[in-house]
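Heads up, there are several structures right after this.
The two complexes that follow have subunit A in common; it is paired with subunit B in the first and with subunit C in the second.
Up next, the complex of A and B:
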């Protein structure tokens, strides 16, 4: 009997407690700096697409929400012909970001992407591409990789030695 | 002796009771939220007051479905019974001097009778739904009402002995010097507990017990039929709060403010108390409920009646 009254009193004291609700649209919740929200495709500092269409993100994706097709431009640079993320399937696990060898695919702290039409949740490459380099400002995959493309031969990348001539013994 | 303006009283009480019980939905949600450190409905209109309107529009627009396995006639009439009986009880309620629909000289008995009839609504609803959970809810309601009705009436007999009348107006007037809550404190506690059980509120909401019986007797109800059970429940709470105010807290009696304001302040305080009960206490197990009723409350009510009777006899 006494415990009942004590319970009721302590519940009543909650009248004077601060409310924990965050009034969402007016009041934003704190998001961690590495919050995983909407997925974007970044560009390298020169403005070219970072994505090399290696399909690793699509393979890593546990819900198979990424679809892309690889192609090459005139400089033999690989890039995705189309890149499609179905956000009605995406679970924002961030595995694609982990799998990406070129820092192209990144997750941002934006989560306000509700739609009235389910079809609008399928984002094409134009919707995903942003203008900047995202989280890795200085990084340019094609400048540091040993792959030769038009305008950059073997041994011309940053920190790369000229290739060794294998057929000759002289240094 | 009835009110000088019978129709004004009838419609006034009807409108006030119904709108109060509708507003109670909002009050309850806001208060529960307050005690759980939330906000509750605060978007629709000022302080979320239009939530009541939105809820009503929603409940009117819902499909009113009668399950094919239900006993149709009884199924339809059950929600009406609870509304009728509870609203009829409001007729004998003295709100302020002159504001009463029917000043019966057996007003208290009428109230007890009507609140007993209310259980038919639940039993019939549970029976006619043709659903085992509803039936269990209905049976529980029947058993609960039987056991709590008995000492509810007994606990009020002390008040009747002190006031010397079953007439509610006379009972209120008899409290002009001392509210009956002081000489009849045990009776007040007993009536409070019985009233919670009578209104089927937590911690005594065994008939609907959503954790075990889906929604008990109103599992199969939808649309406005469900709404009538809901309004009936809130009207029941209002009625019990009003009866507590009338029988133990001097009804409209109070200094400075006009009588009707005092009455509503008292009723509102008990409504908040009912909601606080819901916010803080867990539901009883059914056997605990029954043994509490028969083994504790009933003997206490009897003892209270005997002692009060002895004292009244000695001092008269």
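Up next, the complex of A and C:
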């Protein structure tokens, strides 16, 4: 008897509490930047595709919903020929973002992806690629890596010595 | 075996080996770089440091390099000693100082020995703030991609390339912290085994350039055990596929056959599977048609009441040849090769089956200590064997090494002791060979004279062997030298083959082997076959092609079925035109478009070795099974499925029928476990357990994931799920072990390092020695040159002479232009202003214009033409030809 009254009293008190429920979709909830929602592929500060098609996101994915194929441009800069995420399988665990060595793949605070047709949840690279660097504005993998690409030769990466001159006689 | 104590635990170890070998054989994880099971220790990288203790009381111990310390009985070591652990971590950290931040874009990533060892030692954070050293890279040809920044200076590449493969255009340059591994300048690597650098290099300095074009990580490849079909040696390979495209071939260890290495033709020839020339759909009179329609047409043609004539193929599996033979009847099944080649192949099989000499595996070749090669340039006709022959040259120097009590694994010391001492190698060939540089003596002559030399050697060894009449003093002397060298050896070996297109050469080799065996020497004989399944076809039995024409003529409305065979490469074009014109219907099954397929009424797409299952018999007489890597696009099927009986539901049915029908081939069924084989009820997965993209690969077509295809023919599954323990060796789809992602994981699968896989040696040997038979006495007359005519001989080329691999795009880059070779004196008359010119070769009513090439080592009176590279490749050679300067 007492517990029933206590419960009713507790419910009554809630009438004066601040409302937690918001009027979605008219009103949007605040989502932290680190929220794990829709996955995007970002670009480096120079505007080039950040993804180097290393397959690490694909191997990290516990539901195996990422498939891609590597290819290269004429200057041997590697990028994905296609990059596909099957969002109908994705569990938004964020392992792909953890695994990504170039900050290319990022999870965003957006979850509004509902579809009536499951096939529409298959996103290709055109659907994933955004125009900016996303959460990590400064990083450019190619400035750190030792391989040469168009516009960056050997020994021109950060913290690299100029290439060894092989025909030099002095030690 | 002795007892050694590792971290206080007693273990058995071979005292002839070193501690690293012992630790790895025991399954322990000890990091290493410069040591290689096939190349021994040099102690260059300092990575395998362990603590060694004097005795049970010693607690201080000292650091030693495991690879440089013998596993003597009662050795006490510790792998876990904190000082040893810290030392190993320090070495890795030092190596990583200059290692670039490349893993995401490096092709080695995911199967990198350096990655594995770095993880093993626990080095995970870069402390150094100093800048990294960099290098310029080189262009090294179509096979190997160079990224020198990644080098850790372990010296494995030059040790393999120079010491093991015997080529000299890759070297270490510079000193101190700036040692560079590459060529003096950009250019194609000269060695035919350069592709092995990809596997020998512990990191990504040398990577597979063909894989780079369609890059896929190791963990994403669907892999299956396969057998190389680009020559007769039957090297074991692992094929990798992704998204329906064959991605690459890597070595699959087989202790008796290829060991740790492949040749470049075997490694890079795979690209023909993805070639534009592939026949991917059935065609009726050149128009693509459906599988159903093709099947209907096939059965109506077969059941049409016309005489069926089947033409088999030395490059098709036993099963496919058998299916055709069964369909047409054994009296109407023909061998598909020229009469000469058929005669030689059958003679070789006969010799190996009935002779006293053991048919040599590649391991036997490696362990022999005196070699006589008759009429073969093995580097070009059976490339992997050349690498084994090179290793055999070290055998005699090992006696000195053993006297000095230097263990064989101490590579540098052993080579230093050997100096220039080599086991005897004699090469008699109709021109220069790639092993001439290490031969004790070479003899350049026409096939007849090579055979005479062989017969003379046999007579020198055993007086009962027929004597060669009119022997020149020079040849007698050479024969005596060779005979002395062979009889003085513990394991003499004779190698011969069909390159000279001479049966006498093969018979003379058989005589030498028999003479050695009859005199108490344990001689081995290795006969190279013309194609990957020539011996299988010979064992199956077929009628010669000369009788096929008669059969076609007898039945004016015969239906000709040609199995995976471009007749224009096997027989003179005129003859083939005759066959094809006479036949009422022509059914062709093949993989690549060619002259024969162009004329087919019904063309059926046959699966390559990547898309089908079957068995090949190697030149050793080893029947080995290859397995399908992926289910091909609709339409492509195994030839035995197209032609086979409706009641055959799997490969097992074919094999068991072959076993009952052809007793000679009864043991072939044992080449690999049957499709019913299971491990704890599960199939063996073709995909590594981290195969990615399973729910996304086909999502662009349909988001509903298809069921993985069924494989009725083998106990391998198209899945990442299944048995996780080591399967029988013949079914080993890939080498991977926890912590060992690179191909060096093979250590974990061997009974002892460098020895057979724990699951046994793949394949079954069909040839065993016998005491029957006698000497051949068909000694040819000496070669006499003609004044206005030249004896035209084919010259084998590793790249181009083999039909399928020549369609691989990387190999196509290295295929030589057609030429006619003459020796300088003979060529003098055709040179225009001292420069080579274009000549016209004429024989048997045929004419061919080719550029003239001067070859110094070609004997006078002979002319050479590259095998398989000209329109003349189907002609029966040798033939006398006339040469004229083309106007």
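Heads up, the rule we're going with is that the second predicted complex is superposed on the first by the 140 of 171 C-alpha atoms of A that agree within 3 Å, B and C clash if a C-alpha of one lies under 4 Å from a C-alpha of the other, contacts with A are read in each partner's own complex, and residues count from 1 in each chain.
Just so we're on the same page, contacts are C-beta pairs under 8 Å (C-beta built on N, C-alpha and C of every residue); 3 or more make two chains touch, one makes a residue touch a chain.
Note that the coordinates shown come from a computational prediction; the quantities given were computed from them, not determined experimentally.
> Going by the contact rule set out at the top, does A:23 touch subunit B (first), subunit C (second), both, or neither?
So A:23 only meets subunit B here.
> Can A:115 be said to touch subunit B (first), subunit C (second), both, or neither?
Neither subunit B nor subunit C is touched by A:115.
> State whether A:86 touches subunit B only (first), subunit C only (second), both chains, or neither.
Only subunit C is touched by A:86; subunit B is not.
> Mind working out whether A:4 is in touch with subunit B, subunit C, both or neither, as first, second, both or neither?
first
> Touching A:73 in the superposition: subunit B (first), subunit C (second), both, neither?
neither
> Using the touch definition from the top, say if A:98 reaches subunit B (first), subunit C (second), both or neither.
So A:98 meets neither subunit B nor subunit C here.
> Which partner does A:147 reach: the first (subunit B), the second (subunit C), both, or neither?
second
> Looking only at contacts as defined up top, I'd like to know whether subunit B or subunit C touches more of subunit A.
Per-residue touch count on subunit A favours C.
> In the superposed arrangement, what residues of subunit A touch both subunit B and subunit C?
none
> With touch defined as at the start, can you tell me which subunit A residues reach subunit C in the complex?
Touching subunit C from subunit A are residues 52-56, 58-59, 61, 63-72, 78, 82, 84-86, 88-89, 101-102, 118-119, 121-122, 124, 141, 144-147, 154-155, 157, 159-164, 166, 171.
> Across the complex, what residues on subunit A touch subunit B?
Residues of subunit A touching subunit B: 4, 7-8, 10-12, 14-15, 17-21, 23.
> Give the list of subunit C residues in touch with subunit A in this complex.
Listed in rising order, the residues of subunit C that touch subunit A are 100-105, 109-110, 129-137, 147, 149-150, 173-176, 178, 180, 212, 214-217, 219-220, 243, 690-697, 699-700, 702-703.
> Can you list the residues on subunit B that touch subunit A in the complex?
Residues 33-39, 276-277, 279-281 of subunit B touch subunit A in their complex.
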